[in-house]
Amino acid sequence: MCRFTLYLGPPVRLASLLTEPSHSLIRQSFESTERAEPLNGDGFGVGWYAPRLTPEPAVFHAITPAWNNLSLRSISNVVASPCILAHIRAASPGSDVNLANCHPFAHGRHLFMHNGGIGAFRRIRRRLLEGLGDEAYDLVRGSTDTEHLFAVFVDELQRGGGHDAGGEPDDGEGARLLGAALSRAVAKVTALVGAGGGGPSFLNLAVSDGWRAAVTRFTDHPQERPESLYLLMDELYEPAGRRFSPSRVDDEGPSVLVSSERLTDDRRWTAVPANSLVVFDRWTPPDISPLPPSP
Amino acid sequence: MCRFTLYLGPPVRLASLLTEPSHSLIRQSFESTERAEPLNGDGFGVGWYAPRLTPEPAVFHAITPAWNNLSLRSISNVVASPCILAHIRAASPGSDVNLANCHPFAHGRHLFMHNGGIGAFRRIRRRLLEGLGDEAYDLVRGSTDTEHLFAVFVDELQRGGGHDAGGEPDDGEGARLLGAALSRAVAKVTALVGAGGGGPSFLNLAVSDGWRAAVTRFTDHPQERPESLYLLMDELYEPAGRRFSPSRVDDEGPSVLVSSERLTDDRRWTAVPANSLVVFDRWTPPDISPLPPSP
Amino acid sequence: MCRFTLYLGPPVRLASLLTEPSHSLIRQSFESTERAEPLNGDGFGVGWYAPRLTPEPAVFHAITPAWNNLSLRSISNVVASPCILAHIRAASPGSDVNLANCHPFAHGRHLFMHNGGIGAFRRIRRRLLEGLGDEAYDLVRGSTDTEHLFAVFVDELQRGGGHDAGGEPDDGEGARLLGAALSRAVAKVTALVGAGGGGPSFLNLAVSDGWRAAVTRFTDHPQERPESLYLLMDELYEPAGRRFSPSRVDDEGPSVLVSSERLTDDRRWTAVPANSLVVFDRWTPPDISPLPPSP
Amino acid sequence: MCRFTLYLGPPVRLASLLTEPSHSLIRQSFESTERAEPLNGDGFGVGWYAPRLTPEPAVFHAITPAWNNLSLRSISNVVASPCILAHIRAASPGSDVNLANCHPFAHGRHLFMHNGGIGAFRRIRRRLLEGLGDEAYDLVRGSTDTEHLFAVFVDELQRGGGHDAGGEPDDGEGARLLGAALSRAVAKVTALVGAGGGGPSFLNLAVSDGWRAAVTRFTDHPQERPESLYLLMDELYEPAGRRFSPSRVDDEGPSVLVSSERLTDDRRWTAVPANSLVVFDRWTPPDISPLPPSP
């Protein structure tokens, strides 16, 4: 079912998320604590932006486990970025471990990742694809439900009217558009699953363009809670005084960290409410709203 | 554009095809001589059958080049089989190197591989998939034109009326059915491409169920020849007396070797005629017919 | 600390060890039960012999976890062998995950694997190597303690006077020589460690030439038990009647299965006594003796 | 025999070396032009420094070819650095393709890479190791001649009296010390080879600490030239006006590019003289001296 972490704020080294915290994402690759199964060893991916150089992100994918990848460890110590998306995978049965199936998925300036699963995905896959515009249809190169979800998101984003403010503050408009497209993608997919008699789905999703992000914590299961998801704002320090992010190198401004599990013992982590959408950007703190949106 | 080799006959070690001949398939991975580009280094795959143990084949895929893979070399020396399909890949632009894109592709008892390309594949991909039955639709897990072709083949094979004689001689009926489905798949795909204004396609294809095989050498290019393809029958010895297949271990019977390039200097290799279909089985020598079939 | 399984007897499919038992080796790769840490996800290796074709074994190594490797699963269903050594790795700190560090290690006809560790290995590594003959010295291509142990074993085997009966029964002489060399290697290494003030070591080792095998369960820790090791003879059936090895294809004769953890619920698995050496061959049941040998 | 490129100067994106030039290092991975064999497909490595964040470099190694690695391509577009060492490998026979054998090799702040080979390396390997101090001895984790050379270099650097000016200009002293240790390593290894009756060696070497670098172009072959090596200074523009390094982001100062083959058609590339040592740092242009040094 996977674990993920998204960071947006002043540049920090990847290691601030991946290796240094007491419950770092790499630790979660073999010892996650909020899933029945502790293991997320079916490959990993980390994407990051250098928005002053280029709008498109770097993505490093591997099909080996995160915990023993020396290149990942080495790169994490040296690369700093203001926007980082990292994912460790626990492959669903029938969804093979190969490079095309590693998160985060990239298209143009966007990165996308997922913790959870579409209920009875193979049964709705064909109908899901049939509903897509050609560009989104052509994105799918692997076999994960997530990549199909990403195609639906890209389709919705294009239908919603483009918006490309890049690094210019836009009063939260860009983040709202990301969130709205993500919300419509969730609605569309859960409706398809429901119509096919399948479900439930677990859809913790995260998307970013390097300056803005939208994240969901969602399930349509009638009884169960969605997968865990936590938020930490502004204060990237561990309580005992050990700096969480020693490499903050230049920019000022707020920071937001969203993570499937809390990376540290800091008491200021808050649980994202069940079935909600969180949107934020480099200039604006998170806005949390119910999912599906109240009418 | 890739290179491939298919063997059907008394058991030989994989090394008889992969490493021991003077122009072995592994040699062709860095030094093929009948393509403009000598390199086929984008991963490989070898599939083989142990038909007395189980009807489904083994498949060993890797995204590293064949020439430096120690496991491949070691396994080749030890594993003998009466039916071997081996492939070295030169990835088309836009078709990534990952495990889901390695040939031969497998479904149930069938293995399938390809040297060439569908003309303007991305333009017809959506229509191609829309024409498939649900089982064949669901086979596609990667992004190669070949895997889509394989889905069309599987679809045609199912429509053509099943036939599962396994290891029982059937007067060539099973091989003819394989060949007919392959021929219809070629016709369907080239028609789709033509209707979309694309093309030409190069479709050297090979399929087997472990006892029977069908192979095409085909292009619909108006001037150019299809990719090279050769046939060697019965005599698996190099002219200078060095045994080509020292490990023939038990069975008797004819043998057929089909290969993108000749593996040895033996003068008895013959070129498969351009635009033709070759069908054969463990009991019957190859039958070569024009492709498309004459009316 | 790893897990391993060695089989010697009438040919069985690799799947009989790797995937089919209720507590198969692949299951142990993510859920071993007799170590504090359940995970053995740092690559794997499986070696097997086809002794009628060639005396040297095949070895398939990968740095990805055993549980998600489709080639391993596919090959396991199709390949049968009378002698199989399989290993799943949990890398020691400082001993990287790469192909040169995967067990079983091969040299000529021998395969060698290890569960445990040499105490304070880096401190005695240099002296260990200095004591070797040139051929054994040159074997070491990676950085594991196991590969160094294997070099000591090869050195001892050569010093002990060669013996190469191949597939000819030899009244247990060949197996005894394997066991004696293994026993001397254990003594030599533990003496080196002790002289360096290091230790303790955990040395569950297995070696074979395809017809004969020697296995140790050993530690020089004054209080702790060696790593777990079990033996199952002759009866390869699960108690509930489900066949453990459905693919026994030809030969007759006794069979021996040695495994870090019991592969099934069968009550006839017996624990190998702590600090002992087990030797056997295709014609002779296991002989168990104390390690170090009583004077 | 490999190809490599080292850059030191104002930050440029990795793509400026790896993908964008007309004869980029990735192009050389399948089409190098100054070796008999055009192929360097046995894995790759790229190391780079972010000296304001941390003195130790990042290293990204893979055993797949550089030309089809999507992570490499993606990272190259986004990461900029003032000091980059990149290497594509053509493995020598007997030196396997695995992660421990990928260049550049790293130890603390140093990166090291090699194009060429030690003559009859396996014959002198044992004596070479015996001459090392314990720290250098312990560095060797793989089986390449290069890693052994690196150990000799590290040993010589330590014997030469440490020097760690980090990012402080030091009137070229640090670079001279690097060069002197590299020169002694070359002398020591060629003497060992000569004493063993082996040779010749081809030793194009490059080492850096992120601020300083030393490079050799050397062979002790009595007739043949060393492997090719070129230098381009200060002007990182293609003649036709296309910017070679569009991402120069901040610093000013001289730049030096050293490469096995010229990356562009720029006429200002000069061949490094045969058998010479080149030393330079971020503040000082290259100093070229004969190798071995004239007395």
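Some observations on this one:
In this document, chain identifiers A, B, C and D correspond to the written order of the chains, with residue numbering beginning at 1 in each.
Just so it is clear, a residue touches a chain if its C-beta (ideal position, glycine included) is under 8 Å from a C-beta of that chain, and two chains touch if they have at least 3 such contacts.
These numbers come from a predicted model, not from an experiment.
Across B-D and B-C, the chain pair carrying more C-beta contacts is B-C. In summary, the pair chain A and chain D forms a contact in which both copies contribute largely the same residue numbers, shared numbers making up over half of all those used. Chain A and chain B have centres, each the mean of its CA atoms, that are 41 Å apart.
Centre-to-centre separation between chain B and chain C, using Cα means, comes to 38 Å.
With centres set at the average Cα position, the gap from chain B to chain D is 43 Å.
Chain D has residues 63, 70, 96-97, 99 in contact with two or more other chains. Chain D contributes residues 63, 96-101, 122, 125-126, 129-130, 134, 137-138, 141-143 to its touches with chain C in the complex.
Chain C contributes residues 13, 48-50, 52-54, 56-62, 70-71, 74-75, 77-80, 99, 106, 247, 249 to its touches with chain B in the complex.
For chain D in complex with chain B, the residues that touch the partner chain are 30, 39, 41-42, 63-65, 67-68, 70, 91, 96-97.
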